[in-house]
Amino acid sequence: MRIRIVSPVTMRRAPGVATRSVDDRRQVTVESVTVQAGPATIECEFDEVMAGPDTVARIIEAEHDGCDAVVVNCFADPAVKAGREVVKIPVLGPGESAMHVAAILGQRFSVVTVLESVAPIIENHCRMYGLAEKLASIRWVNIPVLELHGDETRLRVALVEEAAKAIEMDGAHAIVLGCTGMTGLAVEVQEGLRQRGHAGIPVIDPLEAALKLAEALVSLHLSHSKRTYPYPPAKEIVGYNIRPAAVGP
Amino acid sequence: MRIRIVSPVTMRRAPGVATRSVDDRRQVTVESVTVQAGPATIECEFDEVMAGPDTVARIIEAEHDGCDAVVVNCFADPAVKAGREVVKIPVLGPGESAMHVAAILGQRFSVVTVLESVAPIIENHCRMYGLAEKLASIRWVNIPVLELHGDETRLRVALVEEAAKAIEMDGAHAIVLGCTGMTGLAVEVQEGLRQRGHAGIPVIDPLEAALKLAEALVSLHLSHSKRTYPYPPAKEIVGYNIRPAAVGP
Amino acid sequence: MRIRIVSPVTMRRAPGVATRSVDDRRQVTVESVTVQAGPATIECEFDEVMAGPDTVARIIEAEHDGCDAVVVNCFADPAVKAGREVVKIPVLGPGESAMHVAAILGQRFSVVTVLESVAPIIENHCRMYGLAEKLASIRWVNIPVLELHGDETRLRVALVEEAAKAIEMDGAHAIVLGCTGMTGLAVEVQEGLRQRGHAGIPVIDPLEAALKLAEALVSLHLSHSKRTYPYPPAKEIVGYNIRPAAVGP
Amino acid sequence: MRIRIVSPVTMRRAPGVATRSVDDRRQVTVESVTVQAGPATIECEFDEVMAGPDTVARIIEAEHDGCDAVVVNCFADPAVKAGREVVKIPVLGPGESAMHVAAILGQRFSVVTVLESVAPIIENHCRMYGLAEKLASIRWVNIPVLELHGDETRLRVALVEEAAKAIEMDGAHAIVLGCTGMTGLAVEVQEGLRQRGHAGIPVIDPLEAALKLAEALVSLHLSHSKRTYPYPPAKEIVGYNIRPAAVGP
Amino acid sequence: MRIRIVSPVTMRRAPGVATRSVDDRRQVTVESVTVQAGPATIECEFDEVMAGPDTVARIIEAEHDGCDAVVVNCFADPAVKAGREVVKIPVLGPGESAMHVAAILGQRFSVVTVLESVAPIIENHCRMYGLAEKLASIRWVNIPVLELHGDETRLRVALVEEAAKAIEMDGAHAIVLGCTGMTGLAVEVQEGLRQRGHAGIPVIDPLEAALKLAEALVSLHLSHSKRTYPYPPAKEIVGYNIRPAAVGP
Amino acid sequence: MRIRIVSPVTMRRAPGVATRSVDDRRQVTVESVTVQAGPATIECEFDEVMAGPDTVARIIEAEHDGCDAVVVNCFADPAVKAGREVVKIPVLGPGESAMHVAAILGQRFSVVTVLESVAPIIENHCRMYGLAEKLASIRWVNIPVLELHGDETRLRVALVEEAAKAIEMDGAHAIVLGCTGMTGLAVEVQEGLRQRGHAGIPVIDPLEAALKLAEALVSLHLSHSKRTYPYPPAKEIVGYNIRPAAVGP
């Protein structure tokens, strides 16, 4: 099974992603590519729009290369819906995946993201995914994506701080890390919460959640509904060399 | 007052739009531009993604040219949220505008659009705009955008047919035309409904609704909240020559 | 175009309303009348009921006098639905109008009104209009309507104070002034918020919003759905000399 | 215990109501009065507005006369909220009461009312009462209130017909009679449904439901929240001789 | 009229319940039984599951003994839905009953219960009953059920404290006592709130509310919909000697 | 990794379940046990209650035996919430799992279950899980669980028939098989739909979905929130020999 992570941002080290990792035991290969056109990071609607076309191109390419599923490496799930239209294989977004997992694990979840500018995007997506009733709050650490890896201690402390506020003030029962640049920190945040008296609160890493859901869908032989995500009708597209695969069943 | 219509599609005659019209009496100038890169028409999420970057560029340009407001000429409101981030002037989408007007005019409204592939987009937007409770149904005439102007009689008949079904079977009290390619047909559809025994049902032309709302916002000296739509942080964007205006307060 | 403001209260100087103003440039005449029977001000459900019959009478009269639209001059939108039944022309309420404009301008809005007693009315209306998801909170300055004009400085300070709390504590992205007695203060409140570090927050004057929406509807040749607001069936009404116009199409 | 039914309509025989009935066994007296000013029947928003002032006056009078609770005799619950403000005793509306009872008795209920013109009012109330999720549909027999008692067989047949459609087509599990002019027919409609293969479907008489809820509230020593329904502030009311009781705690 | 209270817990003195009380005046007999198998108290989902089978057995028995209605004596409404399936008479839960009464009495209510562990159960039930929009908050006094009667002063003080916070911080307009072990304290809590400046806030005793609703349903000749709660199909049940009555109409 | 399926029913061949299967490649062992006390099948709330206690006992046992996760083998998710309280390992229900997967795969899903009597349970669970907006409809094949395996052709035909109706009449974009007795039929139903012109509609097998989600959670080192599902407080339980593991962190 091959799952490809498509990073929709052009920053050199796309967060949380090695070039290629093989889980020999489970025979799952996770590989990684990055867009060639787009913003350095995604922190607002404008960034999402600029990331869109090349992300879709990379999704088409992934299917063409024989991958079994795609995960778009950004919590804002940019171009995920468009990506589902242009291929047959499952395309997963970390935001949608993590919020569904959180909804299963607890009564209500909070998202802790990078900046306030992302909060309306996340809230709108949560509504669109039909999960608004399960959302306790959206909080942010106020650290831009490009600075996330500069000072990991500061990030960890801020994540625990905001997660604790979500629990104490907003009634959160589970925490979703709201940026894939936070990949790898879920265990530490969970431990930090335990030390502050909040044991047993699941903390969800969105990229990991999306990868596992992708794996689950592939082994269930399921993909997205073609009634929701039909192949785009063939038509002229000026200025881009991106074409969906031959259309149809 | 100058309002600029940005058509996010590259088809030669962007629907419903003269190059420039001046309402001397009310001293409102409505002018029109078209993207140079993007899809011929917008009929799915993929098209919307491909239309995004150049639509944003045209919105930045409109503010730079001294326009007072922008209307994006597509019912799917592509790049409208991103556009609101990059400028100070109001940016209106025909979908959002028409659905709010319909919500004021009647108990429940139906949207009649071109193809089923657009229906999930419209439904998701309606949820995101907070208007889901007012939506009776989404119906479609099953005519692609590029064929809308080929046979206007067929279009008119199909619009009245689906609008009548929305009233009789789905409980609609008002009808929203769900594509700006249908611009100019609202009066005829309303008359067609009257002839079928459905007098007094408002039929809303989305481009016209957006233009009038834009005019209203400009004269109210109101624009979008910069808490919802903050200026994008300055950052590198590879592959596009699009830069938001100097950021700031 | 003639738009008539109907003030549903008998206090001498109905708030925010000159007797007659003509916008020569745009050829819109705004004129104003006041009920002869009803409460001095509207601050609860009881007041709304007492204002109802004569407000409806004034709406019938406005259509008879050749007006193109009516705006009822109270944020609680008293008799607006009944008024829509008895005429063909658009009847707008400042509450409904301002909340829809606010929903378009930002992610979530708060209403700042006069007294707590109005809060359940506003919340119920917001639910009825289908906009509950967009409402962040309702706050009040705790000043009765009759005292609004006694000490404008106190009112302005209180409005900025409550609006700032709505932004900081309730997550509001836009502010709606929740009483037409506050007409004319939107710009000052917006400026007060800017000085407190909340730049870019739209503040909506409800009477102005309703007037502009009325103007938009008239120029769109749209009015309320007669399926939602059918003409009242002819019947005896004891104790009032109010009769809807000859019924029907 | 004395419960007073206030009929908000001036038609001679207010539906379903004897002048006075005493249940000696349970020591509950139910008495009945009718407004002196208002519409013959209530079939739209306009009628509701015209019924308002005198209904409130009769509610004040009922408390003054020593009654323990008031039921307003119309499914549209006219002036019920205003009535709750002006007195301390419970004021019940048949619409609100019956819809809550129906929500307890089954998964989803339908309302069968007189005319389509009442449907938006009922739907809006249902939303306001917070019960929208439990509403399957609103249907109507298309018989005006004044004709309900002319041909009871026609009414009964039509009620069973529409109730059966609500069960078969809309998924209703319980039926609410949507007009107090249908008082006394619940058992017959339930029997009619049973004969059509729909046994075990509760049919709720709204006036009876309101009377029993009123009785329950009185014996529980409960009344409406004065935070929701505070006493109206004292103020001048022109043209009406209606004054709420001395205000305050 | 005979109403039987079924206590689903094995603690010796099931809260708030005498063995038998007869209201001679109103000719209502309220009698009480207790399960023989089950948990001492109900404070979580596990307790609810363990209480289920014998509670259902006692409900079958109540109908067999000729009772007219059953009230299950626990705010978590354990086995209420199953109970409605196995009998024809009304089966009421205190949680559902009290929340509906509270929804009628005020704009929004808070529940004050025993422990945080019950809060998700109550919130889920509130959603299931369709009343989520009316719920302001759930609070707890942090006293286990078995200690409720040890120190009534502590309980009373804590109830007033949390009810006051619900009013001041969560916007509650009415208070529901969230455990039938608090039976009899509503009046004192209401008085305590009055002394803290919150006059006119109804406080609802859930067991009393359920009893009065049961009485109302019996005298209305109404019971639960057999479409929602059909008789269980006959089948083998291993390990329990519980059989629903002969099935069918 | 060991995942245990707990079948909450006593029918000899619990549906869709071999005694033990080892996926050597992925090193996942799936094993299966059955309750010793409870109903033959689960088709209503009563059955669910009777299945509860022994299902919880089997979940405690599974953790004690060293399993990594539990899946309860019934679409009604009986005792799943109670089970989450008594252990630390993830406990999954097929209903909740499949509905979340369906929500990710398409705009709206329908559930096709066995009998109408299960429909309210499923609808209530869907609400409780926060997924009500994504539910298009619930349909049933009208075949009791015990007959599912008697005539598989009849079942397959009926499933395709109802799934097709869900697509054509209710607007479903994905189909969830609503009973774990239908395990193994998803592919055939999907193929049947394709032959009727509905290609690209995912059909979800709920037991398989739950197993894959369980596997995903275990490999993500995630389990349910102990704030939502705290360990039951130690207390006496009469009549059952079921004790949660030593409580606490």
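Here are some notes:
Each chain gets a letter, A, B, C, D, E and F, in the order it is written, and its residues are counted from 1.
Going forward, contacts are C-beta pairs under 8 Å (C-beta built on N, C-alpha and C of every residue); 3 or more make two chains touch, one makes a residue touch a chain.
The structure presented is a predicted model; accordingly, all values stated were derived computationally and were not measured.
Residue contact pairs shared with D-E exceed half only for one pair among A-F, A-B or C-D, and that pair is A-F. The angle of the rotation superposing subunit C on subunit E, based on CA atoms and rounded to the nearest 5, is 120 degrees. With centres computed as the average of Cα coordinates, no chain lies farther from subunit E than B.
The mean-CA centres of subunit B and subunit F are about 43 angstrom from one another, to the nearest whole unit. Centroid to centroid, with C-alpha atoms defining each point, subunit C and subunit F lie 52 Å apart. Centroid to centroid, with C-alpha atoms defining each point, subunit E and subunit F lie 29 Å apart. Subunit B has residues 107, 120, 124, 127, 132-133, 173, 227-228, 230 in contact with two or more other chains.
Subunit F contributes residues 10, 36-41, 43-50, 52-56, 79, 81-82, 84-86, 116-117, 120, 124, 127-128, 144, 146, 227-230, 232-233, 235-240, 242, 244 to its touches with subunit E in the complex.
Residues of subunit D that touch subunit E in their complex: 25-27, 92, 96-97, 100-101, 103-107, 129-134, 167, 173-174, 187, 198-202, 204-205, 208-209, 212-213, 215-217, 219-228, 230, 249.
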